[in-house]
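Residue numbering begins at 1 within each chain, and the chains themselves are lettered A, B, C, D and E in the order written.
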Amino acid sequence: MTTYLKNIWEASATVFEGMAITFSYLLQRPITVQYPDRLKEPVPKTLPKNYRGRLMVDTELCTACALCQKACPIDVIEMKGARTERKKGLTLIYFNIYHGKCMYCNLCVEACPAEEGDEEAHHTAIYFKKDFEGSGYELKDLVEQFIPREEAIQRLKEAEETAAKRAAKAAAESAPAEPKKEGNA
Amino acid sequence: MTSATREKELKPRVEITQISGTEIEVNMGPHHPSTHGVIRFILFIDGEIVVRAVPDVGYLHRSIEKIAESMPYSFFMPYTDRVDYVAAINCNLGYALAIEAMGGLEVPERATWLRMIGVELNRIMSHLVGVGALPLDLGAFTPFVHALREREHMMDLLEILTGTRMNNNYIRFGGVCQDVDDEFLKKLEKYLDHFVLFLEEYDRLIGTNKIFIERLKNVGIVSGEKALSYSFSGPNLRASGIGLDLRKVDPYCFYNDMKFDVPVGKGIKGTVGDSFDRYIVRIEEMAECEKILRQILSKIKEGPIQSKVPKKLVLPAGEAYHHTESARGELGYHIISDGKSASPYRIKIRTGSFASMTSLAEIFKGMMVADVIAYFASLDIVAPEVDR
Amino acid sequence: MKDGIFLCIAAVTVFGALVTAFSRSIINAALGLLLALVAIAGLYIFLSADFVAVSQILIYVGGVMVLLLFGIMLTSGGDNIFSNNPIMGAVPATLITTIFGLLGIYVVNTSGLTFYQGAYRATTRDIGHFLLREYILPFELVSVLIVVLIVGAGVMLRKELVIVRQAPQKKEGKK
Amino acid sequence: MTQFIYMFIFAVIYLLSIAVAAGFLTVVERRIAGRMQSRIGPNRVGPQGIVQWIADAVKALQKEDIIPTDAHSFLFKIAPYLVFMGVFLTLVPIPFGAYTLMENLDTGIFYVLAMASFVVIGVMMGGWASNNKWSLLGGMRSAAQMISYEVPAALAVFVVVVMAGTLNFQKIVFSQGASPVDWYVFRNPFAFIAFNIFFIAALAEGNRVPFDIPEAESELVSGYNTEYSGMRFLFFFLAEWGNLVVIGALVSTLFFGGWNFWFEYTLEFSVPGRYPIRFEVLGFLWFLFKVSIFVFIIIWIRWTLPRLRIDQLMDICWKYMVPIGLFASIGILLWMYFVPEKSLADTIMRYSMTSFGGLTILYFFYRVFQNLRVTKAKIYANPFV
Amino acid sequence: MSLYHEMPENIFVTSVDQLLGWSRKHSLWWLLFGLACCSIELMHTGGPRADIERFGSAPRGTPRQADLIIIAGTLTYKMASRLKLLYEQMAEPKYVISMGSCSNCGGLFDKAYSVVKGVDQIMPVDVYLPGCPPRPEALLEALVILQKKIQKEKYLRK
């Protein structure tokens, strides 16, 4: 009989207690961040400094060394660098990132040697932007071409020209020495 | 409680064997609201009572171990996140420690502290999913969302620490990938003050609830002996009354400097090793994690976070097994290296959830369908840890 | 108007009864029975017997039909059980219907029973009055009978069931 | 003839208003649940999301109407309507005001108990006809549960019927007064017990948490309505939320004075035309207020408690509620015999019960504000600010 | 909807279509279904911070009543047939969001022998969402984009 009454009492007391807690939440403000429109400040601004959002490339800064491409375990980065007459080192021909496949592991960023900025605005050539919006209706929308297609074709042509020029130059330079080489061989 | 009433409660619910004789075969999963992730049982039920159960695994077999053989050691680190996505840094740590032990790599002191912060935070987050999903499966949605809310706050912290919310890929060989400032440590401390209050409130909301206790006590009893024979580990083993914690028994990182208790199931509401014990052990363990985090905060010092590691890491030939205490029990990495290539010859991952899965077929026998859910939820199994 | 509704309900009753009798699928037969029972409640309302009508629904729909459906639905392949009863042949059915119909007409004609023609009047109070004042003895006897039935059913069920109780420790040992 | 047309129009109005109320309640429930979980809940459709239910309903109309190949298609089709019919029929005798009711049935509460059995049949049919094992389990559980809980509900109703001496709802309302002291729930301890039993049993008959095992989401996927989609599911949906209104209305009529407002309904008002329309409106609103409080409590319970196991459910019914109900129904007889109405003991009991109820509510709010104080200390919205 | 196949485009049809689209986009009930890592973020999307229910999207346990299936996680070959079945069990109109890298194209498991390389190989996908796993806010963005797509759909003149 005591257990019987105790059971009833326990059940009602604990239910009472739980209901008091849930009721107290009715009197508190929800913590919801009303993305996308009803926001005090945009969500990316609330993210920490090193947040890994979308993978981006600073095409100006990039030296086209392809270290990131090698550092990526899953071939997300598709890039090519070649010599043109635009700048001294390698020029980017094209740089595509497949966001739909990226796993945001930070390995490419760690591999990148090109850095810029002070402590505050520090970023490497390939870096994570504090932005996460990138849905698309088709899979190809998720491939971002940092050098637009026309530009890339243009650059490729330039690179081919430069390569041809260099080849011609090299041929011209090495032409006299050619017989010598053959002789050596 | 007198022994007579105890005896009465110990008796399983009536097992009727001759009333209908027809078994219904029902298929639970791989999509079913209560199988977190994709696990399937085939239950043979007679009325409400399970006659036998056949667990079916492999719906999330992603061949992680096989992939490891095809890539350099460092490339495999992001994959370890996905072994147990609820406690990703734990899995990172186990792998990193195994490789460091094998390759004889140094780890700076601050890096170890940071690793421990990540691991303990992650352990709390993982347990929050465990204790949150348990009432969810018993029909109470609100506690689960409250647990999710706390996870959100912790994910904010992890975001500052590691840069991502989940699948952090935080730990590198010989260090961690990024440093934090003092502001983070202050925030963490502030959060811990909040977390203690949350735990207390959560326990009042659901842990003391009569219906909740009645649903869990004396359900799915796994005695200590039996738990060992199933090779349980982690909270599930400790709930069965065996206080085996690898952080105490075989300390790694700086765990031997930490003062913390190992919560053990005492059977406060029913029998040792019942589902309620598994719940309460996780709650207590979260409180212990909070203690550890506070000690870390008082001890952490400035310093480098990454030691020098050769770019192309080739481990000496041989094999090594290194185990750590993950949120779901012993997480062991068995690595075999041929000593020539930069990728492992074989990696085998021992996980806690898979061991827990082995108990299902036997424990489910004679249970009611509702108890099946309660027992399964109390084990806190995560599908990829089973299938990998 | 009123007659029209009465005829409709009567037709539904007959239809339900016919489905019950002639349907080859047992689940359809049960449904027909359900229909007939509900329609009979409607007929009671026409007889200004609202309390009886509600009781009809409470007991037959809420109790008997649910038990029937339980029985049908829980037996395997309830839909596939086809009755094959020789008594359902047309000749005996016609015979029995005729006899009972004639009997009914005879009873109604000779007993002086008439349909209540006046305005609708609540019957609950009267029923309560009769049950607890004038017919208290039969009422109590019926309740005793019901108690006996319940206890008897319990006893019979206990004999039928083999309840296997095992302590969990024993089970462990078996493993 | 005109009478039938009036009845028909009245029924259609009732049907529409119960559908609207049920739809609106879904939004209210989702909003309340959201706030209890520190979320917001639907707030995009219309101001604060109040027309969310229209979007849900119109969407459900567009959905493909799936009837599984192996299902018993006739039963499958008819089951949702049967369930909805059962819920709708129970509304017929419940008075929302002195004249705002469909039919002042003399069998009143007895009729309500009877009509609930259509819901049982509908749920069983739906579960069985789906040809899905989970649905079947859900339907069977549901039927067993509803039938069992009709017993304590009837016992609790018995207490009220004995006190009022009638089954008629309107007379039950009349015999209670407007003030809390005159409500049946605070008349004597047995009535209070009966209220608790009736409320719990009604929860169980309405398949609400903690008794929602027929549609237990984590066990049986979605119970008897697993295979239903689109419009047919909508009817189950409407029935479930319409049932909330029915439960609220029943409880407030039987135990909380119904539509009785601060004025007394005397005999002179019963002459047609003498009853002021403003009294009717005020009484209606007062009744709606009571109903909404009970609906809120039901929703609140749902979002707080876990659900019971089937055997515990039956234990509670047969080992707790039925004996207690029997105790209350015998107790009320003794009470009525020994303590005549308006005697000193009766008055003392009324006032002490009322103050007991008031104190419980006060203590409850004390606990709530204690919790709030704790949560204030833990910096609620964002622990980092 | 065979009746409407030949329906000419006029103001009535257009406005009814608008209403239907409005209702569908604001009542996208999603199937409680997660495969792997992303399912945790899916839960968080239903959780307090992101709260997908603001858009009227309630979780449903059964595919029959769901309008939206969010493929959250890695799809293996063993699971693929089950997923296909689930998708087929859903009532029209139904929508699919492919959440995260694994369901987009296999993601980091495209080397694995047991993983389907993209969920679009077995079912049509409406919105692809990058991330591994995506933030809850990103899933909300995908939902908003899906809502835009639904509003443009012509239900009566398919």
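As a working rule, a residue touches a chain if its C-beta (ideal position, glycine included) is under 8 Å from a C-beta of that chain, and two chains touch if they have at least 3 such contacts.
None of the values given here were measured: they were computed from a predicted structure.
Chemist: Please indicate the chain closest to the centre of the assembly, with centres calculated from CA atoms only.
Modeler: Centre-most chain by C-alpha means: E.
Chemist: Give the label of the chain whose average Cα location is farthest from that of chain A.
Modeler: With centres defined by C-alpha atoms, farthest from chain A sits C.
Chemist: Based on the averaged CA atom positions, which chain is farthest from chain B?
Modeler: C
Chemist: Averaged over CA atoms, how far is the centre of chain A from the centre of chain E? Could you give it in whole Å?
Modeler: 25
Chemist: So what's the Cα centroid distance for chain A and chain B, whole Å?
Modeler: 31
Chemist: Where the CA atoms of chain D average out and where those of chain E average out, how many Å apart are those spots?
Modeler: About 36 Å separates the centre of chain D from that of chain E.
Chemist: So the centre of each chain is just the mean of its C-alpha atoms; given that, what is the distance between chain B and chain D in Å?
Modeler: Distance between chain centres, rounded to whole Å: 42 Å.
Chemist: Multi-chain contacts only, two chains or more: what residues does chain E have there?
Modeler: 32, 47-49, 51, 54, 61, 108, 111, 132, 135
Chemist: Among all residues of chain C, which ones touch two or more of the remaining chains?
Modeler: If we look for residues of chain C contacting two or more partner chains, we find 74.
Chemist: In chain D, which residues are in touch with two or more of the other chains?
Modeler: 34, 36-40, 217-218, 221, 303-305, 371, 375, 382
Chemist: State the interface residues of chain D toward chain C in the complex, per the touch definition above.
Modeler: 1, 4, 72, 75, 105-107, 110-111, 113-118, 120-121, 124-125, 128, 136, 139-140, 143, 147, 150, 166-168
Chemist: Where on chain A does chain D make contact in their complex?
Modeler: 4, 7-8, 15-32, 34
Chemist: Using the touch definition from the top, list the residues of chain C that touch chain D in their complex.
Modeler: Those in contact with chain D are residues 1, 27, 31, 34, 50-51, 54-55, 57-58, 61-63, 65-66, 69-70, 73-74, 78-79, 122-125.
Chemist: Using the touch definition from the top, list the residues of chain E that touch chain A in their complex.
Modeler: Contact set of chain E toward chain A: 48-51, 54, 101, 104-108, 110-111, 118, 120, 126-132, 134-135, 137-138, 140-142, 144-145, 149.
Chemist: Which residues of chain A touch chain B once you look at their complex with the stated criterion?
Modeler: 3, 7, 10-11, 14-15, 17-18, 21-22, 31, 47-48, 50-52, 73, 103-107, 110, 128
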